Structures are given as structure tokens and as C-alpha cells.
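Labels run A, B and C following the written order; every chain starts at residue 1.
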Amino acid sequence: MKVRKRANILVKACAILLAAAAQATAGPTALPVLSKQSKACIACHKQTSPGIFEQWGGSRHYRANVGCYECHRAEKGEPDAFEHYDATIAIIVSPKDCSRCHPNEVAEFGASHHSKAARILGSLDNRLAEVVEGNRGMVTEGFPQGVSASAVSGCWQCHGSVIKVLDEGQLDPATWPNTGIGRINPDGSEGSCSACHARHAFSVAQARQPDNCGRCHMGPDHPQKEIYYESKHGIAYLAHKDELNMDRPKWVVGEDYHSAPTCATCHMSATKDQPVTHDVGMRISWNNRPVISIRPEVADARMGLPGKNVSWEKRRDNMQNVCLNCHNSQWVDNFYVQYDALIALYHEKFARPGLELMKLAKPLLRPVAFGNKLDFIWFELWHHEGRRARHGASMMGPDYTHWHGMYEVAKQFYTEMVPELEALIEKGKSSGDPVKKQAAEALAAKLSEVLNSPNHRWYLNKMDPAEAERRKEAAKKFKARYK
Amino acid sequence: MKVRKRANILVKACAILLAAAAQATAGPTALPVLSKQSKACIACHKQTSPGIFEQWGGSRHYRANVGCYECHRAEKGEPDAFEHYDATIAIIVSPKDCSRCHPNEVAEFGASHHSKAARILGSLDNRLAEVVEGNRGMVTEGFPQGVSASAVSGCWQCHGSVIKVLDEGQLDPATWPNTGIGRINPDGSEGSCSACHARHAFSVAQARQPDNCGRCHMGPDHPQKEIYYESKHGIAYLAHKDELNMDRPKWVVGEDYHSAPTCATCHMSATKDQPVTHDVGMRISWNNRPVISIRPEVADARMGLPGKNVSWEKRRDNMQNVCLNCHNSQWVDNFYVQYDALIALYHEKFARPGLELMKLAKPLLRPVAFGNKLDFIWFELWHHEGRRARHGASMMGPDYTHWHGMYEVAKQFYTEMVPELEALIEKGKSSGDPVKKQAAEALAAKLSEVLNSPNHRWYLNKMDPAEAERRKEAAKKFKARYK
Amino acid sequence: MKVRKRANILVKACAILLAAAAQATAGPTALPVLSKQSKACIACHKQTSPGIFEQWGGSRHYRANVGCYECHRAEKGEPDAFEHYDATIAIIVSPKDCSRCHPNEVAEFGASHHSKAARILGSLDNRLAEVVEGNRGMVTEGFPQGVSASAVSGCWQCHGSVIKVLDEGQLDPATWPNTGIGRINPDGSEGSCSACHARHAFSVAQARQPDNCGRCHMGPDHPQKEIYYESKHGIAYLAHKDELNMDRPKWVVGEDYHSAPTCATCHMSATKDQPVTHDVGMRISWNNRPVISIRPEVADARMGLPGKNVSWEKRRDNMQNVCLNCHNSQWVDNFYVQYDALIALYHEKFARPGLELMKLAKPLLRPVAFGNKLDFIWFELWHHEGRRARHGASMMGPDYTHWHGMYEVAKQFYTEMVPELEALIEKGKSSGDPVKKQAAEALAAKLSEVLNSPNHRWYLNKMDPAEAERRKEAAKKFKARYK
């Protein structure tokens, strides 16, 4: 006991020193020796969990004498603390725990949308996973009335669960295993550093590789991983991965590497002029999550984040400072003209009219969200396909911009949404209900207005004759020139 | 001739020695010298097929003096034996041939579902590839009445063909090239070792890499490769591939490597407590192939495999023994609670009611399988989307569990299956045929029962008011807590 | 000024020498020293664009004293020339510029379809991206009447833009950044060498890796990258990438590497009998782009390319010469039987009848292309799914042949196309318009003919009883044999 107490004092002293050091310099310093407690952990876990022991053995934590106990130690009385042989520990190492040595990183992360990912989910009615796909069939001690397995193994794994602690520091199985980036931890902190810094190697090279971000940023609704690997950035990465010095503590683009950027390079890592940041929103000039893309400072303001004071122009400057390491200023300026133009096209031709049509269609729909085919049609148009187009343009993946993006948006609009609206109008008009009749007329008027607008009148075979002629001439000229 | 005979005797002696050695020890031993016959093969093939000569030159077979002839030799009278210059050989090296030196591996493989993959295909009416997609337009010597090119270049390439031998050991082009894992060989043996151990390097590192399994385990109906690369296991593999010692003969997780698991690690390879096995079913506790997931011992019993005596609990223990190298027991136990809950959700909400509805719909459908849109809807619900959800949960790929899985299952059910059933009911009820009328009424009653059940009544806007209130309160509380 | 002039003379002399050398030997020779102009470029760009400076620093161009100026230099009066400090330069380095040192490569490339990719796009009415998905909302100096952002960030990024030069060598943002492979450059040349040889490392290893080709050859309509990675070729590449000597100047399959082929190996790179070629069509025996696959010499003739004189048989010989490095001749011959059979199946069962049906349906459709759901159905059947099946078979990716290919083709045909045609017939027959009535009857007759043909009669439950019996027997026999 005496030994443990002394060790505790030692660790606490070190923690204070480390925190002070971290504030004074760029990173934490090492402990002089491995603690007695960590040695005790290792004595068993070397046998019972050799994988994590060896992962740790190859990590920087090992070299700094930061062992099991330094991260997993807890104070008696903490919600998830429990006695394990002679030590008080917790399973979850929260951002608060990590901040003992990495205060800057945790502070940056805490200001980001990433850290609020469970809030975003929780503050919505998570109807899809809980009601439409799910039921309350997963009954656990923490959820006596049941919870949806589709939320547990789906949404929560990326967004983060709200951890529920059972007896003696045990964690409710519906809420853990979970390393969702916005996890709400027993100590009230938000986030999971191991979402990206996977235990127990905590390899910075792994965190910097694009596949790491691809754990969540992939799939039908935000295929950033797929887009990256289609883009020249991804191609260069695959060709030159070994030259990127991805495990360098200082990892400055143009200094430490130059052959290819990863997600981290552009969105997080240091340039000669900018330090690394764990707030991934600081270099993006569009938030493409909603139906209509918004500026990131608007999104930050809605969540009460400090980023509300950082304009999208400033953030775009930040990004361009990265681009300029390998591209000239005309390239960069022109790229942003292309990107903004695609966003504008999506907004003006599909997103804004679509939103208005959906609002007017509401009185004609069955009054239950996702109880109508049209709900799914519209949802996929903006949430899946419209995002793919916007993300594709943002990262120069032409197949995602076009075939997986705008082509699907247009197909969904003309072959699914318009016929579905027409059927609703027909049904509403012929219904005996005067409220429905009126709604149907209003919807019909708007649909007619939309389809007769310059963006859509081609569909009614009403293309401006001058425009049709111009198109014909252009094609003719082109053919003559090259044949 | 004398020389060949002596060499033959030598080879046979060696084969006997090798077989004996293989039974006594962990693996085969080497031959003292390269046979005269193999030297003769090489004399030409070094020039005409330098690629395979060099692949072999980098293989363990080279170091063990196992050359072309040792594997390709055949006895006169074997169905596919032919004379090639002075030697009797066969093109196909079957598992029976490989078992001359690798008897244990072949025995394990022979007990697995993998080795029966062509049987599974052949014992079904392979209607999709042969009738729906295909025709009998591919006429070969072996198929004078024709066979479907869609089966030949599609199904058979993974499941395995039934090899047809033509004159002088030539192989029918509809049946070869083929390395399907359940190929039925001229010697009657089942399987193709080169499905995984690609010729002519036979690299164990290649066999252990996830992409190897991904040759078949990918795509809309069993995207295990894609799920793996979304999971933390795949991310760690990509980051630490070079540290995995993937070409070590002894490849014990936690001893020889610890940074990441591949498919092989969890499903086949050695742990400190388990030897490697070539029966990939020995660590899985659910067979997610059918509409309703079944226990693997049930599937094994149906095929008369020895695994019928190995319970799913034993197999789950086997898998957990792998997990525990890097995860603690609470992690592992909780994971299985999550996995089982997702299977239960899929079963109870969609698979079981879906099956019952399909049975009742049958008299109302055109009496030809895949001749109705509903056939495709239901097939994709369970065979594509329902599997993706189950596989996603089994390997912790949240995007596959949710967006590619349960979301698509629910969308298919509510926006395609239910309307199609309603149309059938409508049509049946208004038909003059009393049998159809009755069937329509039975189907309507069941559909009403399903939609009014707790799992689905939200769709009818009949959510239990208490539940609706609870959901509203929960969302309100959450918002208040974090805003 | 004097210094610049002398340097200019020096560079010109070198260029002449280089060109002469290139014609005499296999490749260009080096310059003796780095030019004064390039030194001047570097003095600034080393600071302002360290990434490209360092990329160049690792390139063969560096070792050959080929610097910034040697490639970017321009003559006054060239359309995109501008003065930059003391030098006349251009941003775009066109194939014409590259041909100063690499005349053979540029000539080969110029004879290929690749170099005509913008022509192909421009000579069609690019209705999808410009009209259906797009609008003329992207107004730039070069497009005062606007252009579609969906073409700019989509189609043009792979096919190539027609570069528009603004004042002082500035490039219109709708047309650049762009490295589309068929880009039409200010100097009139077609193509972009940096489509594949990405600046500024110009790494041959990168150009040879499959992901490089995957920048364009991926996605729903030509998933060659995905098919490659499913195939054994891709699996071997991932396992043995490090042994492939991918940066060897001489890169002869079977000599310099033997473990795996990349796209380049089969389609471009040297064998012992064939030199490398930059005309990627010289080894393919089917052009699978159109609805009905055509022979490449036919496609070449249509574009006036010299390949019109190279028969598909000669091209197939070229490819087989590659295959034979690792496969025997029976393997290769049989593979082509399989490939051709799949093409024939697709043609006969779906493509030809589909084309005829679409022609007859035309008078019944709204007279605006892509203004009918049927337009999208048919387009995806051949352009997306039919291509996937054909490409899948060509590269032995069974999942793409079957699940992503023929299965989707059949599903599209029976569950979308046939019902849509039936609805058109119904509507046409009941219309008052005698022209439509007649058209509907003609379409009905053809549809009936198609569905009653041996390929489709199963759908009408009219399978030949002998065939049905044969199928039943075969399944029974198979079961008996293996159970």
C-alpha cells in the first residue's frame, strides 16, 4: 500500500509536470520510469492480452514510460471507476484523461463538430435507426425498455454512444464497445480519441492515413474515402506512401514530405505557416451536410462553438495555404470557381425547388415521416446523391461528381420525384377533401412553375429554340473541326 | 527410359516419405534434389512461360526441390492424364494431388463448406444464371446442347465448375480456366487449392492478405472485403502491413505479429491455443447465408460434414480465443451481445414476417420464379441487403450494418414490398377466381397483422402514444442537456 | 538579356539534340547542365511551391537537367504564352511540348482513342451533363453565356476540356484545372500527358500502378479498377507490389518482374517480343463501349485513326503474347472462348432485342431524350450494367460479370423495361391517335416475339418441357451424386 501511495504521488507529480510542460512546449515530455502500477498490469496482460501489450511496446507511449495505469487510472467515486486487483481504474480513457498530457489537442478537438457527433444524433429524432429500421428488441441492463440494434451497431459506432455504466465499472453492452468520435463518456467529456488514434499503438502514421478517416467518411452518403482514392491525391498517395515519412513528429507538407497529401495534410496537419489543428472545420469553406450547403461559421454558431467567429473566407485562406505548396495561385483560384459553381448548380436546379415542392407536398402525404415513398426519394436525392456530387467536386473526383452524383440527382428528380408528385396531385385533386384539393392545386402550380423554369423546361420539350439551335451549331462546329 | 523409371521410383519414394513426414510433423519436408522430369520441364518453360518459372523460383517449393513434375505428374489412365514429351502429366493439380505432401491441410479443407461450394450451386436449380440471365448459347465439345456463359464466367468462377475432360487431357473451355474453391476435379476430388494459394508462388503471405478472400467475398451480397476495410481491423492492416511478418511459417497472433488481424487471423490462423485450420467454419457462430441465419452445426449436418458435431458455442469460444489477444473479455462479451441483437432485429422485424408474406403471396404471383418483380424485391431484401446488415454487424463495419444494410432492408420493405403486396391483394380481390380471392384475403389479413404489430405500426401512424411521448421527451431532454 | 538569349540558344540546341537522340535510340538523353532560366524559376518556387520543387527533385527530369523552363517555355505569340519575370512561358505543357524529347510516345498516344476523348465528348450532344443535370449557370470570361458545372467538374475532368485562354496566358476557370486525357490545348494538340504522368515527379512507377488508370476507369459504367482488384491479377499485385520493380526503365514482363501484372503490363508495357506502346487499343479485341460491342478497327476507322488497319485478330495475338508469360496456350485459348461467349450472350439475349424494342417504342415516348423513365432504364441496361458484365468477363472478375453485371441486366430488363413497354403499349392502344395505335401494335408484336423466343419464353412460363425436364433431371442427378 505504501508503495502504491508513493507511486500515486509520483504519477500525480508527473502529470502536473507534464501538463505544465505541454502548455509551455509543443508536446508532452516523458516520465522518468514506468510506474509500479503499470508494471503490475503488464505482469498479467503480457500473457492474457499479448496483442495490446506488443502494440504498446511499439508506441511512443512506451518510450515515454506512459503505461497502462497512466491512462486507465481513475479516482474512487468516478462513475466508471472500479477496483482491479490493487488499482482503481476505468475501462474508458476519455478525452479528459488524454488531456492530462495532451491539453492542446483535446481543446482543439473539443471545439470541433467531430466532438459533438453524438449530440447531433441525439438532438434529432433518430427516426430511421430507431423506428423505421429498428425496434426496441435489444434489452440490456442499461436499457430495460429496449433500444434499437440498428442504432447500436450502426449510427452509434461512428457518432458515438452515451456510455451507460453498470455495477463495478462494467459498461452496458448497448453502449460499449464504442469508439464513435462524439461518444459521451461517463466523466461527461465528449469524444473518443481512439476513434482515430487506435489503441494501443496510437500510431500517428495510422491516424494520418486516409483509410483512418474512411472508417466513417465512406459509403452512399459521404464517400470521401472513395473520392480521395479516385482523385490524383489518392493515386499519388498509393504510389508514394513510403516516401511520406508519415511517422515524423513534425510533419510539415513541403518540408517533411511532398509526394502526396492525405486527408490529414489538407484538413489538419501543419504547413510552414499553420500549426496542426484537431478542429477539422478550420479549413473548409462549405458545410455540405444539409440539403442546402451552409457556411461553416453558421453551423458553428448553431452549436455554440468558437468557430462561429471564424469566417469561411478565413478558412478558405487556410486551405489555400495548403494547396499552394503544390499548386500555383491560378490553379487554386480556378479550382474554387469550379467547386462553387457545382454547389450553385445543385442548389438552384434541384435543392431549392425540391425543398419548396416537398413543403407543398406535405398535406398530401401520409402524416408519418418515412411512411411515404416520396420521403425516401427526397432523402436520397439530397442526403446521398446531392452530397456525393458536392463532395466529389470538393475533392476532384469526377466520377462522384457526375455518375454517382449529379446524374443520380437528375435521375431521381425526373424519374422518381416528379412522377410521385404528379400522382399526389392527381389523387389530391380527385379527393373529396377541399383541404387536399387546395393543397394539390398549390403543389401543381409550383411543379408547373419549376418545370417551366429555364432549368427544367427541356423536360417539357420547351427548350428555348435559340438555345436548341446554339447546341446544334456547337455540336456541328465541333464535329467539323475534328473530323 | 531407364532414367525416367529410376526417377519415377525416386519420386514415389519421396512422396511416401513426404506423406509419412507430414503425418509425423507439422509440415512436409524437402526433396534432396530436383527431379530429372522437372528439369526437363524447366528447360522449355523457362523460355516459353518465364513468369511462372520465376514465380516458382521465389517459392518454398523451389527450396524444397518440388518442381513442375512433382505436382503435375499423373498416372496413365487418369481421366485427364496426357503425354507431354516424355512425361505423363495433367493440367489440373487437385487437392488430392496436393495431399501427397499436405494431407492435413487437405483433410481440414475437405471438411469445410468451402470445398462443397460447387455442390451447393449444383444441387440448387441455378435459375438466375442459367435461365433468367442466361441461355444455352455457349456450345462446346463438353456441352453440345449449350451452357450459360453467365454461369461459366460468373457463378462457377467462385463456386467451382465440374471439370470436363476432352481428348488427350484437354479441358473443356466452359469448365476451365476455373479455380473456384469447390471445383469438382477429374479425379473426383472437390476444391481448388489455387483458389487461395495462387500459382506458382504459393505465397502464404498472399493467402493471408484480406484481398485474397475478397476474390469472392465482396460485392452486393457478401461484401466482407469492403466491411473489413471499413473496420478498425482493416485500417490497422493498411497502416501496419509491413510489420505483420506475413510470410512467417509460424504465424501466431500475439507472438509473430500483433498490429492487425487479417481475415485469416480470425478465421483460420494459429493462436497460442489453437492450431491453424483450413476449415473456415470452425470459429463462426452464425451462418448468415440463408434468409434466416442458422447455426453452423445445422448447416454442416445438412451437408453431412463432421462439423455437425461442433456446436456454435464451441466455435464462438474458438473465435473469442482469437479476440482476447487484443481485447478484454468484457469487450468481447459485449460485442457478441451487439452482434446477436442485430441478427434478432433483422429476423423478427423483416425476415420472418417477410417469409410468411411471401408464402401467402405465392398463389397470387405468376407461377414462374423470378417472373415477378416481387421475387427480385424479396431476394434482394434478404440475399443482398439483409446479409450486408448481418455481415456488417459481425465485423463492425457500421456503414454496412446501417446504410448499406438495415436502411436498405427497411426501404425495400416499406417502399417496394408492401406496395407490391397491396397491389397483389387488390388485383386478387377483384379477380373472378375464388381461389385468388381467398388467397388475397389471407394475404391481406397477414399484411394487416404484420403492419399492426409493434414493429411496424409506426408506418400506419399508430405508434403507441406512450412510446411517441417517450421519444419526444428523450429528444427534448437530450437537447436541453447539450445546448 | 544577353544571358537569356545565350541560354535560349543553348536550350534550342539541346532540344534539337534531344529530338535527334530520341529518334536514334530508345529514349531522350540528358542535358549537360540545368538552364539559367530553370535556375531562376527555382530560386522563387523552391520557397513558394516547395511541394512541386521537391517532386521534381526526385524525378528523372532532375537528373537529366530538364527543369521548369525546359517544359514550360513558350514562344511569344503562342496563344497561352505570357511573360513571367524575364521568361516567356505557358502554364500548360501539352503533348506537343513533351514531344520535343518524347516524340515516339506522343506519336503513339496521338494515334489512340485516349487522345480523342474530348472529341468523342464534344462530337456528341452532351445532353446529360449540359441539359438534364446541368444548366448554364457557370458564367466565366470564356463562357459569357454560361456552361454547365456538371460538365466542368464531371465529364471534362476525364475526357478533357477545350482550354480557353484569357488575357496574358490566364486560363478560363471552366476549362482549367483540367488534366482530362483528351484535353484540347491552346496549341491545338490533343491530350494531356499529365493525365497519367502526374506532375511533377513524372514517376513511371505511379503511371504503371492500376490506381492511375482507375482515375477514370472506375465507377458504375466502366469499373475496370474494381474488377482488377477482384481478379487474381489485382490480388497478386497487392501481395507482391514491392517485387515488381515498377520504376525500372526497362520493364519487361517475365524479365524484370513476374509476380503480377498491372493494367499497364497487359495493355501497354513491353514483353520480350513487343515494345511498350502508348496506344492502349493495340491489344484489345473488343471495344465494349457501345450498346453492341464492336471490333476496335471499326471504331478506329470511324475516327480516322491508323488503327483502322490493325485487325482485332492481330490485337488479340498481341494480348496473348502477354498472357503466355504466365499461362499456357490452352488456358489462354479457353479464356477467350469464355469471354466471347459472354459477349454473345449479352448481345443476343438483351442488347439486340433491346435496341429493336427501343426503336419501336420511340413514337410512343415523349419526344425528348431522357424525358422518359424508359430512357434511363435502357441507358443503364447497356451503358452501366451491360458494360460491367462485359468488362467483368474480359478481366475475370466474376462478381462484376454476374452480380454487378448480368444479374442487373436481367433484373432491369424483366422488372423495369418490360413493364414500362407494356404500359406504353397499353396507353398507345387506348389512345385516339391512329399513329400511336399503330406504333403500339408494332411494339406489342415485337415484344411478344421477343418474349416468346427461346431466350425469354421462360418468363411467360413457356419453357420447353423437354428443357424443363432436363433441368430437373440434372439437378436430381447432381444431388444424388453428392449426397
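Everything that follows uses one rule, which is that a residue touches a chain if its C-beta (ideal position, glycine included) is under 8 Å from a C-beta of that chain, and two chains touch if they have at least 3 such contacts.
Small disclaimer: the values here were computed from a predicted structure and weren't measured.
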| item | value |
| --- | --- |
| Copies chain B and chain C touch via same or different residues, half shared test | different |
| Copy-to-copy rotation for chain A and chain B - C-alpha atoms, rounded to a multiple of 5° | 120 |
| Chain B and chain C, separation of their C-alpha mean positions in angstrom | 32 |
| Junction residues of chain B, two or more chains touched | none |
| Chain A contact footprint on chain B (complex, rising order) | 229-232, 234-236, 238-240, 243, 253-255, 258-259, 272, 324-328, 330-331, 333-335, 337-339, 341-342, 344-345, 348-349, 389, 392-393, 396, 398-399, 401-407, 409-411, 414-415, 419, 454-455, 458-461, 463, 470-472, 475, 478-479, 482-483 |
| Residues of chain C touching chain A in the complex | 48-55, 58, 91, 116, 119, 122-125, 128-135, 137-138, 140, 145, 148-150, 152-158, 170-171, 173-174, 176-177, 179, 198, 201, 203, 205-206, 209, 211-212, 214-216, 218-221, 304, 366-368, 370-371, 373, 376 |
